[in-house]
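The two complexes that follow have subunit A in common; it is paired with subunit B in the first and with subunit C in the second.
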Partner chain A sequence: MNQRVVNRGWRWAGSIAVGVTVMMLVALLPKTTMAAYNAGELLNYASPVEMLYSPDGARLYVLASQSNEVRILNATNFTPIGTVVVGHVPRGFALSADGSRLYVANSWDDTVSVINTRSLSVVATWHAGMEPQSVLADPAGKYVFVANRISSDVAVLDARTGMELKRLVAGRGASYMAMSPDGKRIYVTHVYPNPGPERTPPESEITVIDVARVQVVDRIPLPSVAGVFHVTVSSDGRLMVAAELHPKNLVPLAHLEHGGAFVDTLTLFGSDVGAKPVEIPLDEIEHYAARPFGVAITSDKSRMFVSCGGSEEVLVIDLPRLLHFIHTHRGPFAENLGASANYVIAHIPVGHDPRGVAITPDARRLLVANRLDDRISVIDTHSSRVLTTIPLSGSEQLWSLQFSDRIFSAVNDQPNGKRQCSQCHIDEQHRNAFTMDFSTRKRIQALRRGEQIFYTSRYSFQGQLACANCHFDSTFDGLEWDLEPDGFGRNIVDNRLLEDLRDTAPYKWNGGNPDIPTECGPRTEKYFWRSEIYDDTKLADLVGYILSLPARPNRWRLASGALTPAQERGKAIFTRTRDSFGYPIPQANRCNYCHSGPMGTDQKSFDVGTRRATDDTGRFDTPQLTNIALTAPYLHDGSARSLEEIWTLYNPQDKHGRTNDLTKDQLNDLVEYLRTR
Partner chain B sequence: MNPISSKVLLCAAMLSCTMWLGVSSVSARASTPDFIVTAAPVYKPLAELRGGERFPEGAQLLLVHEGKATLLVPDFVASADADLSYDGKSLLFAGKRTSGDRWQIWELNLANHSVRRVVSTATDAERPLHLPGGRLVWAERTGQMFELDSTDNGPSRKPAPRNPTADPGPLLFTHLQGSAFPVAVLRDGRILFEAGYPLGSGSIPELYLVYADGSGVESVRCDHGRARWGGTQLESGDTVFTHGNSLARFTSAQANEVPVAAPRGEYAGSMAEIAPDLWLMSARTGAEKHYTIRAWKPGDRAMQTVLAEHGRDLVEPVLFAPHARPNRHPSGLHPWDYANLLAFDSRLSRAGDLKAAPASVRLEMQDQSGKTVAMGTAPVEKDGSFFVKVPGDRPLRFVLLDKNGAVLRRERGWFWARGGEQRICVGCHTGPERSTENRVPEVLLRSTTPVDLTVPMKSAAQHRAGKEGN
Partner chain C sequence: MNDCRMHWISMRMLVAVAVVSGLLCGMSGIAQQPSNRRTASVHAAIPQMPRFRFQNFTTENGLPDNHVYAVLVDGDRIWAGTDNGLGLYEHGKWKVFTTKDGLAHRAVLSLAVDKRTGDVWAGTMGGLSRISAGRIDSYTQLNSGLSNNIVYGVAVEGENVWVATAAGACRLNLRTGAWSLYNERNTPMREIWVYGVSAQADKVYFAVWGSGLLELTQQSDRWDMYDDPDHETELVLFRNQGLIHDVVSSVSYVDGTVWAATYFGDSRYDGRYWRNFLTKDSGLPSNFTNYVKGVDANHAWFCTDKGLAYYDGVNWAVYTPSIPTGRPEMWVRDSRGRVTQIPVTTAPANNYILGIDFQGDDIWVATAKGLSHGIRQQSIHSKPLPKEPLK
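Here is the complex of A and B:
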């Protein structure tokens, strides 16, 4: 884990931490809060993403991805039992078969926290692959499987020692897993499409792992699908269901009606379905079930529930009707927006960015983790109504505690924008410690509002898409899009990563947008959302959120900050002034001329010889190099499937830097160095 | 003054100084919320689609408050088509000051009862509807038909944010040889309007949609053939409309209309939703009877009469309360006088997919006199795609041809594309439920330049001949 990057990621959180203030409040804070403070951090929003019931049904485990915790609640009345602090940005967790251990995938630490569920303490921290997203334990207690998003694989760990035994190649951006009830198979999804030929439909897969043999035994193709989230298995093991996006990135984005940008689908497979998987749409003609994420099937297979992050709802599907439909109608179904009327029987509004779903052991309730509300919706599975919402304490509660009347009998505005307790019964030295930065608090709230806007589809025409549709988890989607304003089939553009965007303006590949407000405001309203969007206040919140997105930890940098020998050699190539034959390289033809500065961009446009017949210009904005290793394909139109192809296929005249003199080994070194950016 | 206060004052003023309707002829349920209704000795449903007069013997807007009906704009000899502003502070309506006037669009300020003319036209202007962004749409008579027009709602409004490509100011929406009449503005910002089916040539009343910049015209649903008109969007998002002797609805999940099990009767146009389970509508039990305002709980066998008047039809109930503003449509039209249309797979159709492969497509346009003009042909690729540049703001239709030039399929009606519009058709009348596959249409792999069909064939030939010096 690169601590420098983590610190950058939490820089705004760190700015909140008015350290000494905390000391005075310790006595008032719950233990979990104290733990966070002791770790040098201020509590953040909880941001629940997943939930699990203990085998006896007495406890509910809630994974809080932003406060880096597992919250343990009484499953009956939802009162807190305890909290365990885990690694950074936990995204998935699973119980051992006997429920004695809880494994947590810490995506930013590349680790798995092992929690003793009796003592509620972390008893081990194991290394996993790059950006672990989810974890599963086999019933025999031999293995722990960890799906890793960046390394696109499944790490197989020894369940006793945590030692890595094997890596299994999964789809690109491996993320979520489900195990068959007999424990023999694991089904793995991935969020980024697998590499494929340019301007062809994206392809994804369900990777099927044989648990006993610890081998990949099948790769079930998911044609035209990009962005597969949770997968679940029915209690009898006869039906598997994955929630996914079916983008229309190859079709000019002229309008949104008729599923112009996305349709939201499920893929069903297994013996209930037949030999071939079946993709079914969730959308309606004028309403989209945007970004299906979590899936749960009742044990009697009467109902299926799907959380939709964009449309902020849970769909209720009559499973027998769905199976009847696919067996009595001829597909394909994905393009038929009138199909869902045959099986979707209810839409239940919930909170912002609903993620994981869990059915209570008695099947009477469905729980939904509303990530951006810090709340859990409790739904009656019979009536399809929200019975209640359970708040999870986060920074809001903390702040209100800090500013409660018990501490502050009065506050005075201070000229520096801060407020200070003036009547606390404490000495002067400690009174100063109570100075609170209200502007920081407001900023936290604005960031959360901005994040809610980023993830909701309510602003797009008929609620079809949100920023997060193309920027999964605020990153990218690995697709190239044909946007309408430039003409149909023209100026195809690769989607870019949203991380650490400071000092990277202008935006768009043609550099046409000078700043983020322009990028996200009128342009988005007119050519993406095709509907009235947010006002200036909301736009400011959204922009603030986007600009707050830190770079993820770079996995190729050594913790020491030093470079490996190969990276050093690559850096030398990146900065060289003479080619392999000793000839001087003109300044403008050196890598570090355009890709200069800390972000790897001089923020100017150049013609690097990559113009296609369908491009209006050959001059393209120099992209930043932040986490460049993650964001294939490359070049403005995504024509290069790998970094190496930039030079081996698309730089015949050395216009994109002098590279044709480089050997294969040297190109490898250059790639190794670029991965550290 | 808040809207409620203004409503109370207005009602008091009405009660004290306006002419009472004959009490013996009026009955209303006091429990019903305040509403506005149009009262007319004669109401001719669907006359608007024939370019006729819906209220040949005049009409008056009534405000119904606590069961009592009073004239809403007593200074007008005729008034109809009430459309309350979103904040409930003003009212658009069609009115005539004197009996010799044409119908014009007026606005009533509910706080001070002042009236101003919003639209001044040489012909009848009717059925005004508020649009978000300070604009309005209305129907304007042109000869024997109506067209849809739009403009800013007067200088007293706060200037709407202008879209330089949306052709601000007066805007003609419909480009047809046939009547079109606005019905409602849906929450997504699109305008629901009535016109004959097939569009621009037929006479079966049908409901269509168009964006607030005149682009994107299409049928709401493609299960055509039965007359449907009127229409009100409910809180649920469904649109309920009149369907012969009953009601039906469009619901988002269904590609076809869904019957509403309403009591048998003759229904008149739009209705009002008092609550999710209580509708206010205009209906009569036979042609010899007058329309009355009735309340109905969906599912009930019978309706309850809320307001009836001897000798007059009561139609178009409108709730007298602030209501939600629809979304503003951010026009993305380009500053062109032509449009680009991409057909994704012209072989696909609700009427049955084509078995023979189309080789080319001919564009036909109606000229000002209604005569059909051939604008030329463009090749159709093997995957059924074609990409053409067409004249903007003109009635158009496509004809699919085989390799010998024989007609494989001809569009039944006409449509238009706004100047500056770029649009994709999934197929050839595939219905709104059909989405495109995710693939690059072959025509765009061949060329990203559309085939230019903006010049009539004869003119194009002359043009070419002139250039070639022949």
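Here is the complex of A and C:
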């Protein structure tokens, strides 16, 4: 008994110590960092994500996602040849068959930049879908295919005019594409799981497009997979490989020591594999291949290379041994931590958040784009050693494109009549001063360090996962998670978006974390990492980075900032004070009471009647409404699979706002308005 | 007002009973037979109308259910919307999609294909489903902006999917995901029981049960309503001066001409003139028409409770199993009203016809007791069927 009292005393003391530490951390946050996240993300790094060789092998094109450029290097000695500025946050690019055009998918502009590779200039800018991630040109020169993450489709453009011909339905969060060597098939991956029943394993697919028919002809199922990145095709077209995550979101994430969070896997399919795709793990006990992203296969199919963003390495796989393994062993293999020893023959450490990989035309070298180092690792494919690392010149030049006139044209209405950037909320007249104020290298480096911490898995138990495992590209993953060690299936929570988090505290669905340092510090260390804790500087950098993340452009708002008639009607419902029968709606039962202010939250917790038997509480933090259209499912546990279901299924008592008087037309209008938030 | 509403409700119940009894039993009533029949051997100069050898599919050879509400041809693929799942006939085999595969409901009432993408849209008794390369995504009134789960009709035009439901019509914009609802609040629709929709780039037509024909001009967003000018439910006082009846069951808009089916006769409207069709002065085997599909401005197929009728602008042909005997029959009615029986050995699976689609010169017919493939026997009709029929 006395021992219990002593323990309780220590526990209290520990809690107080943690609280004091957190308060100190908040106070210690560098002012520059605080100001930087107030400003939104400053773009001063190149952040290379993809690379391409010209058809003659003389040039290397590097896609710089943060400086919004294509860098052109001499492929032999990596000296700069030129730079072409493209649209905002380019994420993918591809050459035309003859190499005369380079197409760049600009994810924040919803456009494709067309670069003349001879003049190194942008000769056209075409419209694509919502948030284009990658682009491919067909060998016949008729079509350009663009995978769009938000609209979850592939836009087919006329390669001559850029006119959109059609949209093909892909998986949710369509992202990366690869074409078969004969040009007949395109394989498309997607990063968010396809919509499915609640609390069931996630489902993804490889969408297969017939290039001649320009139609989707197959969807290869990827069971239990969510988060599929690059896919590649062997030179003979007999083997396709996709890099992916196999989350274990149905069991408590706290069971990290039991290998409980993710399996990092590849799915192999094609005639080399057989009739059914095979999922193989990359992880080993004590050594996880966190967040596999890029894949490349040598032309002789002797080796396969996989970049792993979290574990900051490249895996070398002996492909004949891998194929032998899957043909001689009975699956499933995905969760067998002993499997990878049969085919992973080397781990090559590289830089921070390695992304795209490219094999040189002579197959002697492998290039790896280290996004958060602004460097390219050059690896000898024979010895599996890093030969050199190429810095991208001018990578620390300050880019303030975010504050350009174009961005300021997307303005919010301000009471004082001033124009304000809708993304970073900086007054137009102050932008120059602001940019100057934060143009020191030191301040920017803090954000970069924070981003590196966000993307690395080195802090978690056995290096299993990073923040970015669930927050792809600093966003979300479309999954519901069982986070706490409170029993299986208890307190399920939906993953929330990390955009524009200012003025949205507290955090967690139960509002238990008063600020980001608490959310990312002790809580993450205890429940997620179960391993090394951040020191004060690291935590400050991480928090600074997270709070610097701006909201993506909202795709449902008109360019003019005006609302459509349906959105206007929806806004009227959102702000109404009387119901359809003329009765007053109690203040606390109006939409804009809890979802108030510019972020759509009053930062308080309420019981809106959504508690389930497995929840410890019925009071949940009012979530902000930032880009809410993107983040299905909804409610604290993801039980509402669409915005509509929040009210058609989960608001029978009108506790989540007075809505049961609404007609279907009115509910649709309300949803249309919410999509503009 | 209440009396009027009661009247419509009674009418609906009556017709609903007729539809259901027809579906479940096949129509066994006495067909209205033309009085001036002749046989092919007696007279010469019989209009050359298309002839078919009908191959019938039932559950015995893989069809998911014999009650076939809708049929859709997409190249070599035949889709059958049945009372118990969606059937796909390809390479000589049936594949069946059910609610386990994600279909919104087992009963599939309507079908449409997006010619650009190959995606198939299925209107069901429980929502709208998209079948895209085997993946099914379903939209319901609870999880989406769909106005009602009972989807009688669906059409795809450009970026829009147009939907006819039991509570108004709606449009899904495939690019933005936005739903627009059309009902008594924002259109001239007096009743909201929308049975069919036919969409082209210029206009969209809705068949509304009790509210006539609704026309939406897409460029101007202007709505017009065409209804029965005499407003008589039992009589036709103003012949060829408007829609034959307000209880419209199906619409087909092709070549700038609207074909409208009702349970009390059929109509054609070319934008200027109306033409009405009744059993008493046309080759229609029945005034109770479930579905109409125009080939062009002058040719159309009528799916009635007493057989399948084809109109070539002048002459009529009817294909049906004899109602009393079940024997295959084909009748041809010429411009002078002379009716000739053509000897045939096959007929659609049942006289209660619910849908039709074209596959080159062949036809596929949805009936209450099976799906029928009409294999064209000779090209003797006055106008060839189009290879790629307009939808």
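Definition applied: the second predicted complex is superposed on the first by the 582 of 677 C-alpha atoms of A that agree within 3 Å, B and C clash if a C-alpha of one lies under 4 Å from a C-alpha of the other, contacts with A are read in each partner's own complex, and residues count from 1 in each chain.
Convention: contacts are C-beta pairs under 8 Å (C-beta built on N, C-alpha and C of every residue); 3 or more make two chains touch, one makes a residue touch a chain.
Source: prediction; values computed, not measured.
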Report for A:205: first if it touches subunit B alone, second if subunit C alone, otherwise both or neither. second
Figure out whether A:462 sits in contact with subunit B (first) or subunit C (second), or with both, or with neither. first
Which partner does A:247 contact after superposing on A: first (subunit B), second (subunit C), both, neither? first
Quick check on the superposed pair: does A:336 touch subunit B, subunit C, both, or neither? Answer first, second, both or neither. first
A:576 in the overlay: touching subunit B, subunit C, both, or neither? Say first, second, both or neither. neither
Once the structures are superposed on A, label A:260 by its partner contacts, choosing first (subunit B), second (subunit C), both or neither. first
Now for A:641: first (subunit B), second (subunit C), both, or neither, which partner does it touch? second
Of the two partner chains, subunit B (first) and subunit C (second), which one does A:530 touch, if any: first, second, both, or neither? first
Look at the residues of subunit A and decide whether subunit B or subunit C touches more of them. B
Scan A:490 for contacts with subunit B and subunit C and give back first, second, both or neither. first
Subunit A residues contacted in one complex by subunit B, in the other by subunit C: none
Report the residues of subunit B in contact with subunit A in the complex, numbered from low to high. 132, 163, 188-189, 216, 218, 237, 252-256, 327-332, 334, 340, 342, 344, 387, 422-424, 426, 431-441, 444-445, 448, 450
Note: in the complex, subunit A contacts subunit B through residues 199-202, 224, 246-252, 254-255, 257-260, 263, 284-287, 334-338, 340-341, 344, 461-462, 482, 484-485, 487-490, 522, 525-527, 529-533, 614
Interface with subunit C, subunit A side, in the complex: residues 129, 151, 165-169, 194-195, 205, 207-208, 213, 215-219, 556, 566, 641-642, 644-645, 648-649, 663-665, 667-668, 671-672
For the complex, which residues does subunit C have touching subunit A? 116-119, 130, 132-135, 137, 141-145, 147-148, 159, 167, 174-181, 183, 185-186
